[in-house]
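Residue numbering begins at 1 within each chain, and the chains themselves are lettered A, B, C and D in the order written.
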Amino acid sequence: MAEIVIDGIRKAFGAVVALERVELRVADGEFLALLGPSGCGKTTLLRVIAGLESQSEGRVLIGGRDVSRLPPRARGLAMVFQNYAVFPHMTVRDNVAFGLRMAGAEAARTDRQVRRASELLHIEPYLDRYPSQLSGGQRQRVAVARALAVEPSVLLMDEPLSNLDALLRLEMRAELKSVLRAAGTTTIYVTHDQTEAMGLADRIAVLQDGRIQQLDRPATIYSHPATRFVGGFVGSPPMNFLELAAAGGAVRLGALTFPAPADGPIVLGLRGEDIEEVTAGAGFPLAVLVVEPMGSHTLVTGQVAGHRMRVVLPSERLPAPGEDIHLRPLPGRLRWMDAASGAAINPPNP
Amino acid sequence: MTLRRGIFLSGVATLCAWTLVPIWLIALGAVGGRAAVDSWPKSFWPGSASFATLGSFLAIDGVWTATLTSLEVAVLCMIFSILLGAPAGYALARYSFRGATAYRLLILLTRAFPVGILALPLTVSFIRLGLYDTPVGVALIHAALALPFAVLVSASLFQGIPRELEEAAWVFGCSRPRAFLRVVVPLALPGIAATAIFAFVISWNEVFAASVLTVRHRTLTAYLLAVLSESPLHVQFAGGLMLIVPSVVFIFLVRKHLFSMWGIANR
Amino acid sequence: MRKTLAPYLLIAPSLLFLAVLFLVPLVQTIRLAFRAGQAWSLGNFARMANDLNFSDAVLNTFRIVLIVVPLQLLLAIGMSLMLRHIRRGRDLVLWIWSIPLGISDLAAGLVWLAILNDRGYLNSALFDLGLISAPHSYLTYETPAALLGAIVLAELWRATAIVLVVLVAGLQLVPKEYAEAASVFGASPWQIFRRVTLPLLRPSIQTALILRTVLAFEMFAIVLALGGRNMPVLVSEAYNWQYANQDYGVAAAYAVVVMLLSLAATLVYLRVLRTPPEQLA
Amino acid sequence: MNRRDFCIRSATAAAGALLGQTALSPAARAADLVWLSTQLRPIEEASKVRQVILKGAPVQPVYVVDEPAPFTVRLEAELKTNHHTTSLIGALHGELQPLAPIGGLAPLDDLAARLKDRGIPDKLMALGRFGTAHQLYIPWMQATYFMAANRKALPYLPAGADINALTYDQLGHWAANIAAKTGRRMLGFPAGPKGLMHRFFEGFLYPSYTGGVVTPFRSPEAAAMWEKFAAMWKSVNPNSTNYNFMQEPLLTGDVWIGFDHVARLLDALTHMPDQFVTFPAPAGPKGRAYMPVIAGLAIPTGAPDPKGAAALIEYLTQPATQITTAREVGFFPVVNAKLPADLSPGLKLAVSAINATQSAHDALPSLLPLGLGAKGGEFDKVFLDTFQLIVLRGGKPAAVLDRQAAVLRKLMVEAAAPCWAPDAPSTGACPVL
């Protein structure tokens, strides 16, 4: 129905390059998250797709149609804004019906689709209120309902949950997922929150400095980061990186020796939970600095071979600061990266 | 603590009286007629309150015409300054473009000049253009006075309307002009109206340019300056009261917007 | 292409308007002031400077500006701080205090004429209180100090509101947290005002001062209403030369002087009261 | 009114005004006959013109007033641009005169012939020809300045002084007497911004002491005169520099003795005729100078409605209209019209003062400034500035007069105005010796 193709999109603001020839293909009905730190270009990319920003080079195709030169209203998409952008001078009903009315839809169809969207988002009780009479969460629902009411083939969402408090965000996340799954809309979702991206998306595109660093399924992004940046950005706690020296095809860490894919300086990436505690002499020692009991697990920050490292231990294990604990990576969980470029060396297992 | 509160409240009351009592006194002078103005010592209450003076003031030839001219000039000034100022304010608020800083500077520069005085050389060109002694001519120079204000205030008003609202309208099928009309205008309207009323007040009160640029079609202020100074005091006071009453009403109308208007016009 | 053109199309009308009604007359005024017949000359300025009222007009203008503007600033700061502590009826008080905003200087002059003329309300009140036995004159050429005081009073009454409004608006932009933080760290109310509120209010004070000073240089109807010819100021002289004497050149010379003074004052304020960019919130 | 209506109306207003007409103000619709006048300018007098004097006129004109300087500029501009809006003008002799040499006044010979039976004195009619063969204006009304005094002041009159033959010295003694005995300064002059103080210097004080105005401006007699006047000013109410009309302070009792134009005294005289006496201005060494004021009616060349204007002139010079004018605004007939015996007591006071002035044995008529055109304002300023420098600021008369004489000389040369009476006639610009 509506596949989105980003074909060599480049965007520069004067001398500042926001997007560097981005190539991206979002399949019909797919939910894609654009993930990255602020300033990485993810919002710019979304706005280029929406037509709110003009690209410097490249094309945007929606459903096979080149929309690069079309104004936003002609692109056949809907959008949820970060601050919701719910019109304060219109009732909730008028807001939700806005897109349909602009498209000149007949009253009956407008009514039907407005009702459906408001049912879906549980805002029927507020339809005749003004946005100022609603809470943040309710306004957010109105914004989503407004987008869904037009039954768009493409839905763009710009950090729609970032202004909600933690609990509400969790609740809305689940709801969004089920609603969108049911609607089957092609969705591009911009966020800087990796848990949101992981939880919602079919695929995640991680952006840094206007480039897509990795585009893959959430699990792959997590387990096999393509770069040191992706590993450090995705996951909580982030992946640990130890800068080590390999010689003769091997790297030594404490009592352990690992086979290294290359000689010379190399970076070892290791997730905090991909580790088990062993007896002294059977692994590498970690000098404990801070212990944070999280309930479901214990987060331990310590020092190893001159590097800071965070590991996850079972919740009943509470080492004391100053103590040494001994650790060994789980088999097959070591990730190697080039010390200079940060790119992963061992190709991800399929 | 209560003593301090008492001192504080009496200070507030004194300042309110400082504003209101003079208006009360000129109102007394205006309704009292010649007898009250000549009397000594004066009473602080209207003894024989009659609106005869005020009425006869309005009946004086020229006053009514001048009042109408004032209204006409002020309305035209309002229209000019909003029609010219609001688009420029929108441009400043929504686009970043080369020359925006220079434009802002020019606007600020006009504030540093006593614009009314610039009416002096305009006499000559206005006579040539047939604008001399017409309400339009005066309204034009008044609009030049009010325009910088209209530009800066409307820029801040438009800035206060989240860009996302407009973008949402575009995404949901509006063209730029339509989005402007459907979303921006309704939201900016109260502020724009306040700005317009302020432009009205600026024009209503301006006396120098209006005096210099007119002979027969005097605005009320210019008329009072030129003609009433040859009149007895009680008529002058009636004229003064006539000038004040609309101001009080206008300030009441825009009181809610006064501060947001100036707040952002600062920068 | 259309996108880059749009802002220019939007500012073009106002730009054209200001060019025609601001820049052109500005240049014309300057030209008029420096011309005598067909030649360039300083004749108008010589005529202006040799006029018996010129030095008085300059002195009076400066006296009025230098007395009125600082007093207004102090009064307005005081009023805006008082407003913060009013619990009930704040809107009413604000409205009352801002009424003079809409009152023209001519009307203000007439108001104070009603109060200060020989048979005015001030003399009546003093008489009722038994302080004087016969009317006292305040507005004659023999009482320049009282006349100056009357003009200052009228200006304070009329134009403090604009300073107040600008400052109140500015205060609204200063979050209360700053003052609260200062008080938590042990600052007295005076110290909070001096060290926190006042510096943060600097942009508003700058705006208010520029606005007020320029307008104070422009004031003349109030002076005319209260003092007649007894207290010439620069703009009233410009008005006289233009209107009574029909000498546009000398009037333009006065206008140039007023403009230079306004511009100089503005530049001084911009320089002295500028907020360093690194201190912007 | 809905918004669209409003927009349409404003747009119409704007368009109308752009075409040189005013949609909202009825003052100047193109079809109306505009009568522009420098006389009867104050709001109350203008109202009387519109509401009383013009009642019964064959044409109802739009009566517009203007101060003398802009009046001249305006008519010259209309002449230059050939864009005429004014059909009838009423102004003083001196204000009409600059329009004659530039062809600004249409000849009124036929009209003058028709008005023969009005009995306008030949001397007055001759003034209206400005020395040409044609009648350029028709005399309209006349007036002068005189003095009024509250009866309370009479007991302080210096011994031996005749109030109808007062000298400036006696006036000074009188005022000083009052000041000494009552502690209040009760002599007043209209020296406010809109007052006619300059006429006092130009038509009364100067000629009385020096026998001229321009030529002897800086003579020793003038210096002595200023010295005396400054001394007299010590007994003058300091509010004088705020007085525009002496009738106001005379009525309130702030001033007991005042000098002004008849029209600006009349209110006091009619309100309290029993309270006041009137008398001619004082005499100086050279005589009892006074300034007769002659106002005339003229039709500008190219006037849109000369017929209507002529009809109005006929109406305004009818004896009945002239008497009404005298009753209402205190300007007196130029035609042969006997003022009726039932004149109000106030008017009678005015008439007696004017008669006493004109018939005084030492009367010295001193004309209004002539031929100055737009420079009239600056001419007045010379005298007001001199007054301010010497009397108000205590400047040395000789030095001030030297300085001001230079200004006056330059002005007379620029205006190329020959002398007028009582200065001796000059060829070319009137010299300042």
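Everything below uses one rule, namely that contacts are C-beta pairs under 8 Å (C-beta built on N, C-alpha and C of every residue); 3 or more make two chains touch, one makes a residue touch a chain.
Quick caveat, the model's predicted, so the values are computed rather than measured.
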* Structure fact -> Neighbours of subunit D that also touch subunit B are C
* To do: Would you mind checking the shortest number of contact hops between subunit B and subunit C?
  => 1
* Structure fact -> Reported most central chain by Cα centroids is B
* To do: Tell me, please, which two chains come out on top when C-beta pairs in contact are counted per chain pair.
  => B-C
* To do: Would you kindly say which chain has the C-alpha centre located farthest from the C-alpha centre of subunit D?
  => A
* Centre-of-Cα separation between subunit D and subunit C, whole angstrom -> 38
* **Separation of mean Cα positions, subunit B and subunit A [Å, integer]** => 54
* To do: Provide the C-alpha centroid distance between subunit A and subunit C, rounded to the nearest whole angstrom.
  => 57
* Structure fact -> Rounded to the nearest Å, the gap between Cα centres of subunit A and subunit D is 91
* Structure fact -> Check: subunit B positions touching at least 2 other chains come out as 38, 40, 229, 233
* What are the residues of subunit C that contact at least two other chains? -> 119, 224, 243
* Which two-chain combinations touch? -> A-B, B-C, B-D, C-D
* **Residues of subunit B defined as touching subunit A within the complex** => 162, 164-165, 167-176, 178, 183, 186-187
* Which positions of subunit B touch subunit C when the two form their complex? -> 8, 11-12, 15-16, 18-20, 22-23, 25-26, 28-29, 37-44, 80, 83-85, 87-88, 90-92, 94-95, 97, 99-100, 103, 106-107, 110-125, 140-141, 143-144, 147, 151, 201, 204-208, 211-212, 221, 224-225, 229, 233, 236-237, 239-240, 243-244, 246-248, 250-252, 255, 258-267
* Structure fact -> Listed in rising order, the residues of subunit A that touch subunit B in the complex are 50-52, 71-73, 77-79, 81-85, 87-89, 98-99, 102-103, 146, 150, 156
* Can you check the complex and tell me which residues of subunit B touch subunit D? => 38, 40, 60-62, 65, 68-69, 71-72, 75-76, 79, 127, 130, 134-136, 215-217, 226-233, 235
* Tell me, which parts of subunit C touch subunit D in their complex? -> 51-53, 118-119, 134, 137, 139-143, 224, 227-230, 243-247
